[in-house]
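In what follows, chain A forms one complex with chain B and a second complex with chain C.
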Partner chain A sequence: MTDATLSNTSALASQYRTLKLRRARRAGLLKHIFLIITSLIMIYPLLWMLSSSLKPENQIFGDLSLWPATFEWENYWQGWNALPVSFTTFFWNSTVVTVLSVIGNVISCSFAAYAFARLEFSGKTIWFALMMMTLMIPYHVVLIPQYLLFLQLGWVDTYLPLIVPRFLAGDAFFIFLMIQFFRQLPRELDEAAMIDGCSPFKIYWAIIMPLSLPAMATAAIFSFIWTWEDFLGPLVYLNDMKDYTVPLALRMFVSQDSVSQYGPMFAMSILSILPIILFFVVFQRLIIRGIAMSGLK
Partner chain B sequence: MVSVTLNEVRKAYAGHPVIHGIDLEIRSGEFLVLVGPSGCGKSTLLRMIAGLEEITDGTIAIGDRIVNDLSASQRNLSMVFQSYALYPHMSVRKNLAFGLGNLRMARPEIERRVAEAARILQIEELLERKPRQLSGGQKQRVAIGRAIVREPQLFLFDEPLSNLDAELRVQMRVELASLYNRLGTTMIYVTHDQTEAMTMATRIAVLNKGRLEQVGTPFELYNHPRNLFVASFIGSPKMNLLQAEVGADGRAELAGLGHLTLPAGITTRGKITLGVRPEHLVPGGSDGDLELPGKVSLVEYLGSEVFLYVLLSTGQTVLAQAPGNAPFRKDDPITLALRSDDIHLFDAAGLRLERAQA
Partner chain C sequence: MEKFFRRNFAGYAFLAPWLIGFFLLALGPIVASLYLSFTKYNIVRPPQWIGLDNYFYMFQFDDRFKKALQVTFTFVVISVPAKLIFALAVAMALDKGVRAIGWYRALFYLPSILGGSIAVAILWRQLFDYNGVINAVVRWFGIDGPYWLSDPRYSLWTLIVLAAWQFGSPMLIFLAGLRAIPNDLYEAAEIDAAGPVRKFFAITVPLLAPVIFFNLVLQMIEAFKSFSGAFVISGGAGAPLDSLLFFTVYLYNEAFQFLRMGYASALAWVLLLIIALFTAIAFWTSKYWVHYENERG
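Showing the complex of A and B:
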């Protein structure tokens, strides 16, 4: 190849690289613009709620802008004490129900999942099919039979109907999620542990569970969110305002008989989602750490 | 050290038999290698000895104790897995100590054993690392360390070197052999790699389709294979097999290749298979009992030796071994000489034809 040909080829390669870089930049810019607009559309209701929690009552529905003309911090103080029972009680009630539910769900569902994924027992396939079938039954279908059962047990007006079922591996979604995860773990780990003298429970406790942090964290996050914001369950089983959870308490701001207090309600709504965000941030790290840890080979 | 006795051991999955009644005695202090092609049941057999797989029928005894109903941990054995099976969330130290902790051993004793194993395997500087921070060879050492800290009466290895690259495999093979010499414990080793089997074993058990084909020393298996399967499985490159027919004159006729007088003491008639190892087909030789003319179709140069693929006049290709400096090239005409004393003979059923005892 002559020097002239080489120089020509080099110039062409340089032109190609510049063109490719320019194209990549343009594509990146378009992608970012699209994502930013979509994100704004998605986050707008939340921002609107945050803004409304700081607006005076008369500006909430009259002014759609996100920046309040005046900041009504008073809404938070008023909201906290607006109801006959303080929000301190409601938050405490929600925390008790949610924390116990999350613990119950994670422990019991992981036990059930471990049994399905690793142990051999008679009727395993049938039990698994039955468990999967419960995924397809809407909650509202079992609501009345469940209510009657808990009424017979004398559990209505207590937290037991909201907590006890969580300790009985009642959520097929979490069980299925964990089964899928457990199945990815090499069986040789169980076998090595068996030779090392582990019982099935010890294998679960010492090997499977620590390696399943991503699945456990995912189950914990979903369980936390669904329990914390559950409205129907507490509405059905709790009658005394002192026992109300946060979603029930928020509902009390909206009254058909009197004027609703939207500012304080939005203020409390904002406070009510803070634990969810906090929980997500903490446990999301566990998911990432868990994924990094389970790189087996 | 302990012996292991398998008596009529069978295994079936959903009624489908995979191990067909195996009788095998593994002597105390022996390094027995279970070898065979993929799916022959060697790993299943090892897992049954380990207690990881239920035995459908028969008995397994470790020492004088039948262990059929004992769990894996009660059999006082250790196992090294193909994928190492190190606990990913534990440090190397914890991996080594985990089993000892389950035995409720005193902490100073655990520490002593872990330190000793780490010293033997030269992994002292790795003790605080997690398995993901180790190379393949280091992981393998830790897996072996986890096995030796228990000071078991029996070691089981399930293709422990198959995930390593060729160089490391050779190195680990030497280390395992020296570990065996140092510990003297009974070892059962599963592999499909016959080089591992030949170099490490005191005895080899060859399995095929869930049946034991032959048990013997590497020398016995190589030089006196009991049947065609063992003859063609043991040895790399493979033994050449030629079809022949023995006539009334007691000579074997190799169609299109000539006649060969059978070694003294062998009397048979009819169809036989004649086996000859590549090193016994001498290129250019003239002092053989039979000469096979052909053409070199491929030359594999390995440095110290060269493998010649020779297309015979009958259309069959045989493999011959020659010194590395042999001057053969592709398409060269060639004559291969073989001596009747070097051949292996198998009857129509594939069983070895032995010389009658004088």
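Showing the complex of A and C:
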């Protein structure tokens, strides 16, 4: 092989490389334009709602701009008191239901997950299969009998139907998520603790729980978001306006079509999703990892 | 006997909350719901056994049932593929190291986390109002937009767009799946002068098939169950002209507006069977297009 052919090939190779680089750069630019435009379209409705919550009534409809000409902070005050019951009550109700639901979910689901992931007992495989099957049952199938049961117990128009099921590990999804996490923890820890005479409860409390804080936090966050947004449960069980949670109250704005109060309605809508957005901003990493890990929602 | 007791005690103690919940809130209600579906029951008078009459009536005479099926199927068949295609396109654009990927991921996921809330359903009603933002954009192109919400020909599209807007979680799952495809495959294909389309259909799609399948099944089930958006946007009853009469909305109305608990239970069972049937079909067809890595040997 002569020097001439060698340099020829290397020239060709470098030519190929620059060509490839240029093509990659162009593709990268196109990709960025695509991503920027799509994300703007995605986020625009939310920003529009935020700006509409600050616009005066006559500037809301068909107005595409995201910057209000005048800031109508009054909307928030009006919205807060627009319904016969003030939003202070609705937010308090939502907070009570959500906080208790989150606590119930984390405790009861971690109990069940600990039993499935770490303890040996007869019938475990059958229970596990049944637990996984409940993941697939649509809520609508159990809704009516559950309602009749709670009606018998006199629990309709209280928060008990919304809270008690959470203390009975009603969300198999969280059990599944926690089992996945518990299984990654080394078993030697349990065994060493057992030799030292720890009871299963002590192992759960002093070893498994402290090491599973990320999983518990993930479950707590999802549980918070879903309970806070839950509409069907409160819709079925709460009839008295002073018991309403925030989503039910928001819906009142839509049903009273005669009153045109779009600004205040958007103001309350923004406030209703604010806790979720804050949670999302703070715990974004955990949320995204939780979805990749469990593949749900 | 005592040994048996001691060996199983801890496991069942930890499982107790779930077990109670399983029998009282899952298994019991499922059985009760099946029983109620063979009765006529309005809460006031005790259930009255009528055999298969609910089902006969449903399939022979109930036009709203047929309408609800048609609306729900249309919604599932259009919104699920739209959502998945969108999710895959964005995931592919985000794959292979885009700058600020964390930001994009968060922005694209945010609608999914808010999508189930009443605030977003309210927002959607205003966006698609005749004088709303969507028609303002349409007007730029010199087209007079339709009455999206009150014209039965268009109303379902508002909900399809709402569903597609929430493509965040399948996107995150696709992203994790794309990461697992080895880069050498693409490089090898490039040497063989394969274009982007060829690479997509010959490498990405087959290797991603298990993830596509997983997302498809999950999103299909979610779509069949979706409720609050349709409920709020349709004013609670499936209006206009039942064009938004989702199966779940019809079920809710039968059960809690008209107190036809027996008939609503039969509807719930039909929903359960439809979901099971579609999942089974998906699994059955998956033999032909989904191949798992470890199967090839």
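Simple rule for what comes next: the second predicted complex is superposed on the first by the 236 of 297 C-alpha atoms of A that agree within 3 Å, B and C clash if a C-alpha of one lies under 4 Å from a C-alpha of the other, contacts with A are read in each partner's own complex, and residues count from 1 in each chain.
Note that a residue touches a chain if its C-beta (ideal position, glycine included) is under 8 Å from a C-beta of that chain, and two chains touch if they have at least 3 such contacts.
Computed from a prediction, not measured in an experiment: that's the story for all the values here.
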Partner chain in contact with A:35 - chain B first, chain C second, else both or neither: second
First, second, both or neither for A:211, with chain B first and chain C second: first
Touching partner for A:191 - first (chain B), second (chain C), both, neither: first
Partner chain in contact with A:252 - chain B first, chain C second, else both or neither: neither
Partner chain in contact with A:115 - chain B first, chain C second, else both or neither: second
Which of chain B and chain C A:202 touches, first, second, both or neither: first
Which superposed partner A:99 touches (first chain B, second chain C, both, neither): neither
Chain B versus chain C, judged by how many residues of chain A each one touches: C
Touched partner set for A:284, first chain B, second chain C, both or neither: second
Contact residues common to both interfaces of chain A (with chain B and with chain C): 295-297
Touching residues (chain side chain A, partner chain C) in the complex: 31-32, 34-35, 38-39, 42-43, 45-46, 48-49, 52, 60-64, 108-109, 111-112, 114-116, 119-122, 124, 127, 130-131, 134, 136-149, 151, 165, 167-170, 175, 199-201, 204, 225-226, 229, 231-232, 235-236, 247-248, 250-251, 253-255, 262, 265-266, 269-270, 272-273, 276-277, 280, 284, 287-288, 291-292, 295-297
Residues of chain A touching chain B in the complex: 186, 188-189, 191-198, 202, 206-207, 210-211, 293-297
Touching residues (chain side chain C, partner chain A) in the complex: 4, 7-8, 10-22, 24-30, 32-33, 36, 43, 90, 93-94, 98, 102, 104-114, 116-120, 122-127, 129, 131-133, 135-137, 165, 169, 172-173, 175-176, 214, 218, 221, 224-225, 227-228, 231-232, 235-236, 248, 251-252, 255-256, 261, 264-265, 268-269, 271-272, 275-276, 279
Contact set on chain B toward chain A in their complex: 50-52, 71-73, 77-79, 81-83, 85-89, 98-99, 102-103, 131-132, 146
